[in-house]
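What follows is a pair of complexes built around chain A, which joins chain B in one and chain C in the other.
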Partner chain A sequence: MSDYTIIGKRMPRIDSRAKVMGKAKFTADLKLPGMLVGKIKRSPYAHARILNIDTSKAEALPGVKSVVTGKDTEGVKWGVFSYTRDQQFIQMEKVRYIGDEVAGVAAVDEETALEALDLIEVEYEELPAVFESMEALASQTEPIHEDFPNNINVHINIETGEVDENFKRAHYVREDTFVAPEDSYFMAEPYAVAARFDYDGCLEIWCPNGGPHMKSKPLSNAFKIPLHQVKVRKITIGGAFGGRSEICPADYICALLAKKADKPVKIEFTREENSIATRQGHAMITTHKTGVDKDGRVLARETTCYLDGGAYISTGPIAVSVPFLSMEQVYRMESVRYNGYSIYTNKPIRGMIRTHGRCFAAGLDTQLDMIAEHLGIDPVEMRLRNVRKPGEHTNTKSKVGSCAMDETIHKAVERSGFKDKWGKLPPFHGIGIGTNAVQVGFPMGIRGGSQSFIKFNEDGEATVMSGVVDNGQGNDNMLVQIAAEELGLLPEDIHLVSADTETTSSDPGSYSQVSTFVGGQAVQIAAANCRKKLFEVAAKVLKVKADTLAAKNRLIFVKDNPEKSIPIKKVVRISLTNFNSVNAEGGYWPKVDMKREWVSNPYGQMCEAFSFGTTIVEVKVDPDTGQVEVLNATACQDVGKALNPLVLEGQFEGAIAMGGQGGMLTEYHEWKDGRCLNPTMLDYKLPLACDMPNIDTIIVESIEPKGPYGAKEAGMSIAMSAAQGYSAAVSNAIGVYMDSFPLTPDKILAAIKEKKSRPQNKES
Partner chain B sequence: MEKIEITLTINDKLREVSVAPNDTLLEVLREKFDLTGSKESCGEGVCGSCTIQMDGKPVRSCLTLALEADGCRIKTVEGLANGDQLSDLQESFINHGAVQCGFCTPGMLISADALLQNNPKPDEKTVRKTLAGNICRCTGYAKIVDAVCHTGNPDNQCPDCKTGQ
Partner chain C sequence: MRLPRFDYFGPDTLDAALELLATHKEEAKILAGGTDLLVRMKKGLLNPKVLISLKALNGLSYIKKDDEGIKIGARTPLADIISSDLIQIQATALSQACEKIGAVTLQHYRGTIGGNILQDNRCHHYNQSKFHRSGRQACHKEGGKICYARDESDRCNSTCQSDGATALMALGAKIILASAGHERTVDLENFYTTDGIMPFAMEPHELLKEIFIPFQGGQSAYHRLAFRSAIDYPIVCAGVLLTPSLTQKDEIEGARIVVGAMGRSPLFLAGESAGLKGKKFTDFAAFQTAADAAMNSAATFAVHNVGGTLEYRRAMVSPMVFRALKEAAQAADR
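And then the complex of A and B:
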């Protein structure tokens, strides 16, 4: 299986040349003839009724070409699910967070557009607002959405096994609560969108996206135009991390301004807008109650989680489920009861983020360490006794195929020297381990599969069409690698047409880790079909059977006699001359349980594969300042098959930075009365080059039978386990189990002080 | 607003341009000269995406007024390659996998290029400290640091120093 030519090699990415030359075009770099500057007027109130909007002065300002408010819309509401459609793209009756969209303007330049925004007069009646999920639950004032009297917008209940019985027979039970505030994506590229309508009434739009087809459908709904009239174009994207998966109100506003002005419009977000008016990670409060037998095996767990869902819900059901899914995928539990709630608050809208549910995951592992300590079991052994094994089923009935969880633990433990260090390090010097598992996809209905077309050109090179989008993680390169491998061409012979809704077929987008597994596999199948056609023609020329042939380095040759060969280019030309098709298609639809539904039926096969990761982190804490110095991070993941180790390592390293270094040490939003106090890069502390530790990456290959070449996904279970590993290491260093994340110096100092003041009880 | 004529030497070419007193250098480079390689990410001098070299020193073009650059030599990411011939640093970024989404890459390259001009063999700590003014959200910096350290200074333990040779 190891005789691939291109798969498995450290291949530098095809998109990097344009990027290092400054030639890659991002949305903000686009210039269209006659293009106007668009700006959005946002609510200054967290909760208020809109009494009147007067745009007359703005419209009269010279240079203003269009002004739009809710009255210009078709009144269509957005939400991923039919039961979560609660957001208008421009508010008409009420605003529900500071930053909510109330109007848009397009003008000849930025100064004029900004001046016009100030000339729009909005009369508000302020309403009582709620800013925390617990407060929102108990609120007696006007609900944020009238259909939800207690502000609960999603409740997910999952129960499997005899939870109450198992707690009764448990040897040891403990219950702990863990909290974390909101975190943000801080993609390098601030959000931007450019749009124009053509003479046929077709909308052409460029914007960062997690899936072009996930943008075109809501836009066609919002404008009430057929789907083919929405053409989402490919553009370089400066990061997503889960935050660009959905339509953004700015997409619609930009297009509406363009339509009304009959000119192209571009909106570029400020950094502040990118933080408050795209999406954010959820604040969460998670309580885990866990009962174990005397050997530390989990007999029963009851988890309750409250997510601060912000003003509009959209993907809330997924957001409430995903932290639970990671838990049930990585750890065996004889029985479990989960109640997860998403609560409306007057804060910005939320989405999934790379380490979604950091307090849930880090809390879970912290509690496991507490239980292990009580039972006198070391953290590694505790995990080995509880982690997932291949062939098992999760509590919600997903069969787990390939699974090298144990191997990732053993390898990370060995490389990091965990056994020599744990319990033997000097004071304020600690080491910790985190383990996690991530689903490769979930049921996505009509857009759950991906299809690809491949056409050969006369010159023997191939054009590959795929709906897969590259957010920066390297998906374009992945598709080219796969196509080149299957077709027997070199990567430079493959020309990719992707992420464009006019020319590519439906695709799930880069959601839930499916780009390689589903989109890559579709390309693999299309390319194999294409190769088959070439082999039939080549077989006739070479006078052999088609199944004796192979393709490599632009040649088709007889496997047992490689001297006997013909250039692919020649086969293409012979085919065309003889009226044989040299194009092919292929598609992949993961076999999942389509009856599984987030709220009504959260049981059944979730996806076809799961990735498993272990992160071990070693830290030193300064007891006088509470500062954490991270000495080393060891990241080990079962990826199925490493299609490109160079790209994979980059994903692991980025995951350590975002999930661990930032997610567990510095990143969180601060608020005052619903206003985000740190929306900028100056105030929100992202990891810098000088902050990052040495990172050891270890790739484990379990070869997933259902994945392309055995591949699963690249790095998500590192992002998740990094949060757990970092928190475990800090807790180990200071001898206090931390329950409030991220672990900022103030919290660490308070914990050290509190521990000192405690009467001498047993030391950890 | 009254426009003022200034002269800039951008990537070795002498250019004249009329600018408003409040135009930033970044705006002028992107809008007047279509040099969109330099990016605006934070707009307040924190992230380093807009870094260019002014008389050889890395500066934030989002915080620099175009007027301040009058008469200066400006080097942007577009000036690193010699035609189609990439610089060693650019090649090293590609071969080490130091580019992911690519939005921070131009500023990162310009900062690193300025460092290497003065210190062709910087140690890792120096590279990390020098690049502390350039925020990357994708890579965790490991491959960027390797790419800079190994430019013109290959490490025979590094699998990516062999690529492209």
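And then the complex of A and C:
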């Protein structure tokens, strides 16, 4: 269909070979000359005052090269926003969760470093701790942070339209509460960081990151050194899912140890540390009250959500907003009132996660299904009546451009055979649908745009510089594909320099689904500018006008007369010998409302595009054991334009694993007094390849006018809708609407039993 | 996580291994695959000075049969057991149990049947890192006086989650324990203490040499429940053996019902087993009665310490036992 040579083609990723052969180097693989092993001393108490820290014995241990505590930090505090700076990188006065950082050591080997940790003596005074948001809210004991009396750290209130009036005129109103505990990312790569200071006082640092520029700024602030002196280097990253977005205290501790020892230091997290001391998904309690007209259209909705925010705010304002945003992006509501609260508890820190708000989203769809049943409307029709249409505005005033929500529903329904199956399947066999939407980016202030530089080498190959980071989703390949397409080169001719704060320009990072839309677009513009320069030189040689030329397969040729051509390499060489630049730059800044702010002003254009996804799931439930067998998952997303269908399908499949199979069936954390009982891969029940169902993927292309080649994002609205699809399918199979996620066998079995024991009246 | 330091020996004869054990006793641990032992060492749960690896002891890797039964060398890889037709036909429950242990790669490269039987009891309060266990009192198994899984318990309630042991106990297996100059044979069901700290009635200088499964002319089956289809311990499991009457072939002469992952050892339920004597192989109602009784008996042993809710695990004893009985009965009836 299209004229593209490389875009839209199923191209194996440039990084695949090194990864499958075990040759890719991750942070933990790094070996720097003279490098020391760093370890972090963590609090074994959920809430305690630090009375004294004595490091003298550790410092005296042969082989220990540096020991750091809060005294070495000058008390600097971290927070994503200027108004959320509540976390010291190393605690001085108080510890607030089991795992909080209290000291760091660097030693010649791991054994010595671990021994040194044991020699650090910390005197604590234990304080009463709270572990659940409702308990924290009502707590009369010492608040976790001084300035937050009820432990509420974020409150987001959004209200649009006549909510109370609309409830009054609604044909049917219902209110339901849904809950889910914490979940984790379980990136394949446990966190690791390596750091060193050079003779000039520059900090060089390697670590998994959601955006190198998101790391360099807080590090420059913390060390009070100019930004250019913090060089975050590129390194292979084994997964992020929102959990690598912020600076990690270990980054700072590692750098501080390196500075003090004057040697490179590397800290590798254990799997347990990765679970408890990076980030987790929030536990949530969500109440949706929804009023509809007689056709099932939502007139009013009031949603109240309590998020268990853990010991520090982290991305709190964003985390409290995103579940609501997904709701308002996918479903029209004539009016809505949202109150979201993040509450401090003495549990690990929470952050953004790919399926943020599983109880929020799955609860919303469950309630829609309940309302649909009451009104005698089928779930598909219920959604078609309520989902977003192109050209509309969300409740918080974002204009929605391209939107093929309806098409994703129709295609998924057709492929899955939903209409033939729904309501007609045998007992304990069910099918369910989930729909979701996600913003492609959000206002990121000074780092909201991306810039790229491209230089041609005299052999006719090009080097592309971009701040975009690849967390494992294929961003590197995406940049290469775009540059090759625009420059008329082959992917192997493109050499990527990326995700390095010294050599690449500011970029929003792999954050809020924005890498392709913003970073990819910057490369597209830079490459187009570069091509223009080449065409000007080629036009002279070929004696034609520059606008009659095209580039493909390393050749520049006349569009109407492809025989008339010149190799790009030759054009580059002619340019250079005739004093013409063959380098170019380009940048892209999404047109968003920069006045929009999470707490103070949650209204205005959020981003330039939204992606839409539908997931339909078919399950069989074993009525004796409550175990769920997933027969099939159909994932269909409006991605704008598929730049590489092969990569997108992989993203869809991963999204089903994370949002559905794991997120809705098996994954949750268990606790005992703030101690995480299942921090490891054995005990946290991440699905394995052999647990996964058959997955059908369907790509819908709405061609977003503002996206590169029409692209938006891939996978996120599948991960979210998968959660909804899985819960709907299980509810359909057992004939009970579930309100507590994930849907573990014990809950399913209890629901089946409860239903059996219910008197046979037809009350819904 | 790193392994603590230890001396390593790799004897290639049984005598040499037993000699080493006699010398080092409590300070030595047998390495027979390592999927349980090395993980515990990394977590700092035990710190043996000496590891005696059975890697080179090929003499302990065999599956043989004689007139009386099947003999399995303790170091036999799980993969060999799974692929053995003899075991699949004559000791089906063991074959089914071994298929569920770890994952295919572990069965092939690491896991041994002896290692599976002797894997230590587990508890999600105990099988944790040193960091996790700091800042609280030590539990019984760590040498302390408290149980986090059952309030006020004066002893350790760690759970035996061995698939292999549950199946073998159902099959009426015996184990042969060797020490320098001595051997003894123990019925597997008598091999367990009632103490989760040291669940096996075994001396430090003894080595598990062989497993013997007597021919009883019946059919066996094993069912288990876990969260995932691989790399997961069972949260409930059941192994059964049903033998037909010599005179009435459609009638059950002997039954052995064993429930695993519910207590400190696999639980042989003598009463429930005896209740099936004289029942027809097609009497599913009797199986259900036995399964429900098994649930009631086994439930009292379980504590909340291996994931899942306790209520759920207890309730699942019945379907696991019933399914195993039904499967064994149908195989016998064929």
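One rule holds for everything that comes next: the second predicted complex is superposed on the first by the 761 of 764 C-alpha atoms of A that agree within 3 Å, B and C clash if a C-alpha of one lies under 4 Å from a C-alpha of the other, contacts with A are read in each partner's own complex, and residues count from 1 in each chain.
In the analysis below, contacts are C-beta pairs under 8 Å (C-beta built on N, C-alpha and C of every residue); 3 or more make two chains touch, one makes a residue touch a chain.
Just so we're clear, the structure is a prediction, and the values are computed from it rather than from any experiment.
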Output check: A:K641 vs chain B and chain C. Expected answer is one of first, second, both, neither. What do you get? neither
Could you say whether A:L749 touches chain B, chain C, both of them, or neither, answering first, second, both or neither? second
Which holds for A:T270: it touches chain B only (first), chain C only (second), both, or neither? both
Who wins on chain A residues touched, chain B or chain C? B
Regarding the shared-chain residue A:L682, is it in contact with chain B (first), chain C (second), both, or neither? both
In the superposed arrangement, does A:C690 touch chain B (first), chain C (second), both or neither? both
Between chain B and chain C, whom does A:P44 touch in the aligned arrangement: first, second, both, or neither? second
Identify the partner contact of A:T625: answer first if only chain B is touched, second if only chain C is, both if each is, neither if none is. second
Which superposed partner A:Q473 touches (first chain B, second chain C, both, neither): first
Taking the stated contact definition, name every residue in chain A that is touched by chain B in one complex and by chain C in the other, in rising order. 270, 681-682, 687-688, 690
Which of the residues in chain A end up touching chain C in this complex? 42-45, 98, 110-111, 114, 270, 272, 624-627, 666, 670, 672-673, 675-679, 681-683, 685, 687-688, 690-691, 744-746, 749
Going by the contact rule at the top, pick out the chain C residues touching chain A in the complex. 1-2, 5, 103, 124-125, 128-129, 131-132, 134-136, 148, 225, 227-232, 307-309, 311-312, 315-316, 319
For chain B, which residues count as touching chain A in their complex? 30, 34-44, 46-47, 49, 76-78, 80-81, 86, 90, 93-95, 97, 99-106, 109, 127-129, 131-132, 134-145, 159-160, 163-164
Over in the complex, which chain A residues touch chain B? Could you list them? 10, 12-13, 15-26, 28-29, 31, 185-190, 236-239, 241, 270-271, 471-474, 646-647, 649-650, 652-658, 661, 680-682, 686-690, 692, 695
